[in-house]
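The next part holds the structures, each set out as structure tokens.
The two complexes that follow have chain A in common; it is paired with chain B in the first and with chain C in the second.
Entry: the complex of A and B
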């Protein structure tokens, strides 16, 4: 691997602390992914991306900036990548998926807060995430109390812009979202020195649409039994979608889908046919949080679909392009895709999510649903009660798990997951 | 005391469980309030209100309904009492201040959630709060994730309407709030069968304005040293403002203020002159949550002002009546009073609250600020970091306390409060 120390140094990375992270990640990745049997060969590309997660991709982002482009970071799928791309920006998800960053986050944030928000803050203030160090702007959004209030502290540490969100899917709520999207456009135009036009926005839409369709195609193959691809590997691909080069990502995901199609055609799978199948829903699962998938898939269960922000919610909904392709109409369509199409627990009520879970469980042949939430994630944990009632009415088995990024509860989780798997087998 | 069992029975109260609450409350009240030395005689009225909290006032609410009026319940000072009064409604705060209701709330809500939200839900589902049983409508509002998501569950249990809130004080945020106020007017008109007019709204504004000014007058007397009134008693008065008959409350508060003025004139106080003075800020302190005030004031400290929703935020800001007194202009003024004037931690950033705390600490001669938050109250707990920095810059001593409604931590809190008091004495 190339030596990136000069690059990291130039970004203000705390090299000594960052080295510890660089030492730990390959071990975790090896145990979780490389030990799997019979992986598709096309996963090699995604292995490489993780091996180079703080290296090659950062080098590319810096080269993009050298050429006059900008890099925008975010923590949420409500930030429209179409607009960022249209203005010659690149949108990257920021570091927030490891316990490594939590203690630093806890120096500024309460301990009783979800690990994702604490890790995000910690990654920045410990200067150990080269994405945070490379971005020209972070676009935050008010989707939960934890992030909303943390932005006000992060604003003292990093260049930050916050999009407001309503809490109810009402016409007034849509009006707020639409105006906030317009305000974001102005802020990004100011940042990039470029102007959003119908032409460049259409190109941005087209590119993001192809990314979404590549993920669609890959996910559709997870409906097969036996599964051509493990849940872990599918999760890894969608996690990588958040920061990889879009064109290369699309090509590699299509190649993986082709290989999986061939597997499906010949009935080749990574788990025995009939392995109990899980739909996972709840809080986002960001790199390198592979904890639940690893536990489930080493317990004779298969994860077949993720109804969350790092799963179907990221790509299922497409932009319906308007008849008239002027800028205002395009922005309207875009706003509707995000506002109407994404069923985040930041909204109350949020029936659309419950409908999606039931629909996806049937489409993917899931035997049971696992609600996976990070501790202190208030929105998802309360919404769980509604989901529990809905799944009981639909006759779909349900398991609730609460966890964080520490390894301490893995044994207990495994016991519960195995017991759930046994009950699914008995009830078939 | 009158026997209200038939009335409670008619309201669907669980009498057996409710009896336990009725037995416990007078003991707690006696220990906290009646043992105080040299209380103003005018506090007798407020003692009576608490003694009759589930009796006489409920009887009055039911009589109001008999006469064709409506009763609206709320959990938040963003619900405009002016509008409710204008439509011949009465607005009452709902039960949410005791551990008594928390276990029932935890049957539907996560344990890692603030005691206030859990108690509110528990009070309803355990059928032990006659206010919940008497209201024609509950008006909820999206000011935190806990309440926002709990509404969706409470809606299955009780008649509920939810006002959305933005999370940022922006022009688009104001537009959302203004529209939501308009939508609330329509819902309340539908409920009451009455129409909001400039005339009845002006009357509602005038009545609420007098209530706010009565509290202003009382609170101003807390600036004196020695204090004419304990912090506990002032807290009790403002808690009672949320559900008492407005006219009677105003008259009794004015009488108490007159008595306190006489005390100030002759230098009579409830604590020795020079007792260290505290400003308390943070989460709302609702009946019968008197825990912190009781601890502080039995530790040779005095609470002189509360910067929270059950303190200054409830009454400090007045409605600036517009030149043109048409309905739309009045609603605009009202919306500005609530949106611009209240600095709730639901907003990010929320600098106005920090400014208020510093200003109030100086106005009331506070020696130190105590940030009092309920466990798992994410918005206030994160905002605390900003407050800590601001107070350090201003040179104002600061103590952070996190608690809930259980008595288990009282000893530990007392030790910390006493130590803070000692440090305030030393630094004078």
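Entry: the complex of A and C
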């Protein structure tokens, strides 16, 4: 990595602490990714992105700001990227995936709160995430009690705007979401000094649509047996989608998909044909949280699809453009894309998610479903009971795992995952 | 804590238990030599299980303790459909299909509450040895405990001692708390009858009685159940022959 110390200094990064993070990440990344056999050559690009995640990409964001653009940060896929792009903004995911930031978060938040919220807060107040330091605005959203109450504290530390979220998929719920989207548009227009028009919104929609379709194409290849790429690598690509330059990301993901298509045609795989296949569902898996995938895929199992916010929920739904392309109709269609098709556990009931999991398990030929939940994530942990019942009725084997970002439970997780694999092999 | 081994030749030919030392590989070697004798030229097919399963030199394969435990229990009682295992530091529930295959399992291993270690800590506070705990009658006065965290429960027990609650009443309260927690774990996994109770704590008769009452079911125990994991591994090695 080039020397970015001046840039980081300018962003107010705590360099000494940040150095420790920069030292730890390559080791973890090497163990998890670079030691894999027969990786597609096109993964080199994604290796580079991670190596430069706090360097080159930040430099690009700052250059974008120099040119008069804005940078918006978020923690959630309900924040519409189309609108941000339309107003000449860039949307980036914020740091929240490492134990590194949790202790700082715990100085302001209760310990019995999910690691993602604590890490997010910690990354900001410890000044060790250059994304947090670069953004003009953070868009929060009320998708759980932890976030909802944490925003109020974060607002004292950083420029923050909060979208309210409905709890129920009803006409009234939709109306609330639609209103909140409208209010976000006003806030972003105020921030950027630009006006949202049908024209720029259509362009934003078109761009995000291509990103989603590139991921669609890549994920479809994970339905093959043998698998052309590991679950770890697919996860990495989805995680990078949240940070990377959209156009470059699309081109690189298409290149990877082309290479994987050739592999599928040749019957070349990263694991032996017949390796038991897992669908993972539950809480988001954000950089650099690669714990579960690494454990599963070093236990003779393959992760074939993720039904979560860093997986299919991010890209499966498309905007169906209205016949009349005026701004209000476009915003309606956009709101429907987010509200109707994304099944977050902040909604109750949330049957749509259970349907998605069963459908995806069949589509991807999954032998079993793993519910992966961060400790203290109330919504997902409670919803698990409904999932357990549904999968029992469908005859799909199920494993529940609870963990956080702390190392030390890999052995226990591995025992569960291996035991699940043993029963799946017999089940076949 | 101990490492267990079983030698199987159609029936249990030998079994051994050695304390787990710092060196897992050395522990495995000494366990093996006490099973097959130092002079043996060849080691029979060997399956390793448990947290130390990757540390056993000469094992032809490893299988998790979930699968092995289920297998071992079914050998001891072929009717078993649910296994409740409470060991020194973890507890687990395994549900089996009518043929004995694992259909579901849950484990608790990040918290000492309700495990052998929890009981040991509480018994020490009350000046009971584990052998004395085994002789405690299931029926009698009970001092309910409200906290199941090993740390908070100890504080609670100390409070009751200070209030002059009789030791036996308190100890029964501790066993009742363990039984309630275990029963909840079984209920969550879904009880299929009959239930087999294994692990170190299954040797406490009154605990088995209390768990049976909580779940309103018969509880089967077996003197060899602490060996179930090793026995299951030996059975798998036997099948691999």
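Basically, the second predicted complex is superposed on the first by the 428 of 428 C-alpha atoms of A that agree within 3 Å, B and C clash if a C-alpha of one lies under 4 Å from a C-alpha of the other, contacts with A are read in each partner's own complex, and residues count from 1 in each chain.
Simple rule for what comes next: a residue touches a chain if its C-beta (ideal position, glycine included) is under 8 Å from a C-beta of that chain, and two chains touch if they have at least 3 such contacts.
The model shown is predicted, which means the values in this text are computed figures rather than measured ones.
Put simply, more of the residues of chain A are touched by B, taking chain B and chain C as the two choices.
Contacts of A:383 after superposition on the shared chain: chain B is touched, whereas chain C is not.
When the two structures are aligned on the shared chain, A:409 is found in touch with chain C, with no touch to chain B. Looking at the shared chain after the overlay, A:419 reaches chain C, while chain B stays out of its contact range.
Look at A:195: by the touch rule set out above, it reaches neither chain B nor chain C.
Within the superposed three-chain model, A:179 lies in touch with chain B and out of touch with chain C [touch as defined at top]. Shared-chain residue A:345: touches chain B; no touch with chain C.
After overlaying the two complexes on the shared chain, residue contacts for A:320 are found with neither chain B nor chain C.
Against chain A, in their complex, chain B makes its touches with residues 108-110, 112-113, 142, 144-146, 148-153, 155, 162, 164-168, 170, 172-173, 175-176, 179-180, 183, 345, 348-350, 375-376, 378-379, 381-386. Only residues 51, 63-67, 101-107, 109-110 of chain C touch chain A when the two sit together in their complex. The touching residues of chain A, counted against chain C in their complex, run 397-398, 400, 409, 411-412, 415-416, 418-419, 422-423, 426-427.
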